[in-house]
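Each chain gets a letter, A, B and C, in the order it is written, and its residues are counted from 1.
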Amino acid sequence: MSQTNASDRAHLLGQGSGCALGEVRELTCLAPKDHGQLAEVLGEARRRSFSVLPIGAGSQLAWCRPDAIDDPANAPIPISLMHMAGVLEQIPGEGTVTAQAGTPWCDLAQAVEQSGECLPADLAGATTSTLGGILAAGRSGPNRLRHGPLRHHVLGMQVMLSDGTLAKSGGRLVKNVTGFDLHRLYTGSRGTLAIILEASLRLKALPEREWSFSMPVADCASGFTKALEIQQAMPRLHWLVLTRTQSGVRLQGGLAGRASQVRSDQERVLRALGGTPESFDGQAPTERKRLGEEGAENRHAWEIGSPLTHCAELLGILEAQLPTETKLWVDCGAGRILVGPAGDATVTEKPSWAETIGAEATSLRPLCVHRHLHAQWTGSNPSPTQTNWQQRLTCGLDPAGIFSMTLDPGKAPA
Amino acid sequence: MTKNWIDELRTIVGPRNVITGSESLAWESDGLSLVRGMGQAIVLPLDTEETVLVMKLLAREGVPVVPRGAGTGLTGGATPVEGGVTVGTARMREIFSIDPVGRLAHVQAGVVNSDLSVAARPHGLFYAPDPSSQAACTLGGNVANNSGGPHCFMHGSTTRHVRGVKLVDAQGQVLDLLASPADPEGLDLVGLITGSEGMFGMVTEVQLNLEPLPEEVQTIIAVFPSLDAACDCVSEAIAAHIEASAIEILDKLTIAAVEDSIFAAGYPREAEALLLVEAEGGALEVQETIDLVLQLAKKHGAMEIRSAQDKAERARLWAGRKGAFGAMGRVAPDLYVADVVAPRTRLREIVALAIKIAEERNLRLGNVFHAGDGNLHPNIAYDRRDEDEVRRVLEAGQLIMEACIERGGSLTGEHGVGVEKMTHMCDLFDDDDLNTMHRVRDALDPKRRMNPTKVLPLRACREVRNGGLPFSPMGNLGAKT
Amino acid sequence: MSSAIRSLPLDYDLTLDCIHCGLCLNSCPTYRQSGRESEGPRGRIHLMRALAEGRLEADQDCVEALDSCLVCRNCETVCPAGVQFGALMESARDHLPAPGLLARGLRWFGFRLVLPHRRVLGFLAGAVRLTQLLRLPQAIAPLLGQRGIALAHLPVFPEANKRRNLPPICPSTSERTEAVGMLEGCVQRQLYGDVNRATVAVLNACGADVHTPQDHACCGALHAHNGDLDEARRLAQKTIQAFEDMGGEPDMRIVLNSAGCGAHMAEYPRLFAEDPLWLPRADAFAQRVIDFSAFVAQAERAERLKKQLAPLAPRKVAWDDPCHLCHGQGITAEPRALLDLIPGIERVEMPGAGSCCGSAGIHALLYPAESNQLLDAKLEEFTSSEADVLITANPGCQMQWHGGFSRTGKATRPQHLAEILAASLAQGPQVVSKAKPPKKG
């Protein structure tokens, strides 16, 4: 094992493979220009037993930034696909798009908008993120309430395994069940199985009209109960988010679609809300974007998953225990709660409230916490079989173990 | 020679639920009756606990396992394998719970698809994926095959509706992914398992998303003077980002078969092609969608357009569509159902090609398909006793698949690969793609005991290097009576 | 008994209609019960086909799979390919040995020696009534397990004067418009004479004279369903002959108040497919056969009847479709329409009304545990419908429901559609029926 730091080792890999270096978020990374060069980099990493990390735009990696790792000698070397970007195929009338992983999400969104379509996940806040990074991180937008999570709209992928194998799964068509859905496995795998090279997504029609509301509520628990009521009253809501900030707790939501329908639905939503909500027409997309940015994972420390039936209760517990300045951001459609703090501060201690929410939550995931804490954190308690399956898959696809540092650094590949 | 482990199976699930007698012949095929196979036994466990014991025993004995739901699959995925044991979910029929707030249902794998929607209805909910066999097929089978259906145009295939599963793996270990959060923790195993055609284990319980019943539904049929015109109409509607819930096309032969059956729906027999479109959602958006369809249908020469006047008529129109496959039994004793996917911009071209391929081989071809998704079902009626006809059918099937793949299409949209399309996997995937799938499979089932000889083609050189398999590949596609 | 199967080309061709799609599976009560493909319609057809192809030997397992079928024909209602499952099963059973001693005994003793003969039937009914009055069935029931339960809860055979013949002609009680024939039946006449008299009352009220053949008992349906096609043919010939000889108007409709008999008689021509002498007669006969509810629900008759119906005490009634009415004859709307005519009562839909109650001819005797299980599910559905009275139209179903109500301690008894119509008629002023008005339950 090399004694040098990540940056030095990046240079070593670059020299060995002939790959140029680049910089993402002040990190030195390898920036291969094509498949061949990426394969060279991975080959070199295998030979030297260096672990590597596909980094996208680096926005999701606050918790394991290689420079934040105690033991720099074991920090993974970032690989950026910034030079492997661009839309590969978008045939008008097919309703799909295929693009390279390094394509910035906002560029992709712009490209499909020109044909009257939009991406299936509303990640307007993700200005710098790449397609590959968003998929690898398993992110979804608040409009999952209407369209489901982004992973449901991934139609196929091409990836590179750690041994340089190029492998594709799925396809570019809206409907296809040929072979295993390995693209579902890669989505959300956080770079532990393979490097995503390209992906095909199903597109949605660009809405004619958007509308949103924002309304103060007493607290998160009652706000969530209200959210469930609103959902019952209007099943076509596109998104519904509860936020707790310095300025109080607000329930916000939006509609999108055919203009006539949105107009009629917005009246119904207002009636169901009662009170005096703020209502946005023209500014609705701006509001949505602002909210999306607030809800970026890297602005939070923890992600809690909960069944919708338990969510209100859980929020009650959190509100009672969290300091008042801690931000909360709740995606009411998914039962997904993001817990502050704001900014880029890194959490270094296990919070006291974590012990008390166990029964109500189905998962607890650290986002912006220090790497060593992540390693010892076992709050989510996957079953032994689940852990075993994950290990087997990781070892099966990456026997050299050069990717597997990311998810669980304590685990040595068998 | 007595097989003690079969007696042990009997102790686990009860003697009536282990079938080894002559009646096991009833299980020799699934919906693909062209392919047959006989294993050593059929076992019908009642729940996850029994399944665990059964799977542990079979693991101990090194016996291959074929999971089976209702056996309505159309690619031979549930065909028994030589030396194997078929483990069926037909007795696992309990709906454990329906959560109206979270819009989730927790069911056993053997619950029939349409039974779930019936149970969910009092809560104002329904289960969206509606394969044509929904009156009989099981939800566990739907998960295994990532089944589709007409309304998947709007709602998406099964995989978009599976929230969690409980699976018993090849070793008899329980993988419980039921109480999952909205996004998976760690790897998305549920997404991997859905559509894996029973090769990673036996799904015994499923947690599914339910949808609110739509406020408004409208259904129309439009009669076209030609199949080409109907296809063009659909391609244009897709390009216009139509937001219908289902877009189906039926051709003349299919219409005649349906109208002769008990599912006669009042489809006009003189139609060369019939477009069946449904829109659901808010009243205003539904009306706009239907208006768009009407406008496009007229533009493409539709001769008659009719909309369903009430629930009963809508139900009839759909019953006819869903009975279409079975109704083809009136045309000939056997039916070959292809399941290719065409790029939606090239519908007309590929449908026409399929017709030409069948005509050249003097075969009777009926087309009934999920046009909105580009998912074609060229159905060829034949008689399996006619050896030459069987040969021509298989040849036509192969040519249709190849033609589709050449034009950017896919092998299967909703039926899966099974035995039928296994050898065609190489047309779509190269060695590295398939090796990667094998690696995932070997990671989870190193002895390859789960549903062997299905989905992934076995390439001789590799198999021999890996030390061979405990059974012989069937390869009896096209077996004669 | 020989296990060799005679090849029968007709069977084989019928099996070819099935393309193995499996849409029938969930409609099949025995498949839902056991989960066994071999006990579902598709599997059974597959086995029959394999038998005909000589790929399968008719051993005990295979015979049981075919014999456990209820022949409820629910699968025919859902089959898109139009497979004639009932016909297939009849001819298959005709070529197969009966699977057990009881079935064999029933076939040779019950079907051949008892059912076709009025006097034997009458004697046996009297004898059984005697044992029932002495509560013998209840005494021996514990020895017979599940079968004993059914036996102990059989309806009591009525006294002799209720088992007597109908007069040859019962004249119309309103303005006479037509004449019809009617079959009294074997079990029906002995156990449910009241139903026959109620039927006559309703038909009379519709303006029909009712003719009944005087020395005829059985239509042969049970024989056909249970693998005795030879005897079924003989009884069909007797039945056709009896109605041809009976007099009245030559083309008058033959009204059946028992769904099983009606479905079978309408299919007589199938029995004589290869008999050029009898086929035309069977054809002509089958054209005349009509179910009671379909006959009465016809617009003019219903109109006439409606005027004579008087309100009954308020109660909720549920219609349970007899399988051989809804699946065998496709009749579902008519009986419901007739019930809706009766003032005072409310008709409620019972979930699963078209699913078999487990009576199924002699199935309840041969497979008592399975039969009781089916009935339990139906009883639950009846309870969930919140109905007070169950209405059906087949003696087997009535017996089965009677047993179910009796063993679960429910103070209701199943009624025939004709009975409740006649009860409503009896409230009205105009009714002067020659036949005694039925006793109300």
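Assume a contact is a pair of C-beta atoms (placed from the backbone, for glycine too) under 8 Å apart; a residue touches a chain by one contact, two chains touch by 3 or more.
Quantities reported herein were computed from a predicted structural model and do not represent experimental measurements.
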Name the chain with the Cα centroid closest to the overall protein Cα centroid. B
Can you check which chain pair, B-C or A-B, has more C-beta pairs in contact? A-B
Which integer distance in Å separates the CA centroid of chain A from that of chain C? 64
When centres are defined as mean Cα positions, the distance from chain B to chain C in whole Å is 39
CA centroids of chain A and chain B: separation to the nearest Å works out as 31
Where chain A touches two or more other chains, by residue: none
Would you mind writing out the residues of chain B in touch with chain A in their complex? 99, 101-102, 104, 145-146, 148, 152, 156-157, 159-160, 169, 173-177, 179-189, 191-192, 194-196, 199, 212, 215, 235, 238-239, 241, 243, 281-285, 288, 341, 343-345, 370, 373-375, 408-417, 421, 425, 428-429, 432-437, 439-444, 455-456
What residues of chain B sit close enough to touch chain C in their complex? 16-17, 19, 21-31, 33, 42, 44, 70-72, 88, 90-91, 93, 110, 112, 114-115, 133, 135-137, 258, 260-263, 323-330, 333-335, 383, 481
Chain C contacts chain B in the complex at 16-27, 31-32, 34-38, 40, 42-44, 46-47, 50, 53, 55-57, 59-62, 64-65, 77-83
Mind listing the chain A positions that touch chain B in their complex? 91-95, 116-117, 138, 140, 144, 148-149, 151-152, 161, 165-169, 171-182, 184-185, 187-189, 192-193, 205-206, 228, 235-236, 257-258, 260-261, 264-265, 305-309, 333-336, 361-363, 365, 380, 382-383, 385-386, 388-390, 392-393, 395-397, 407
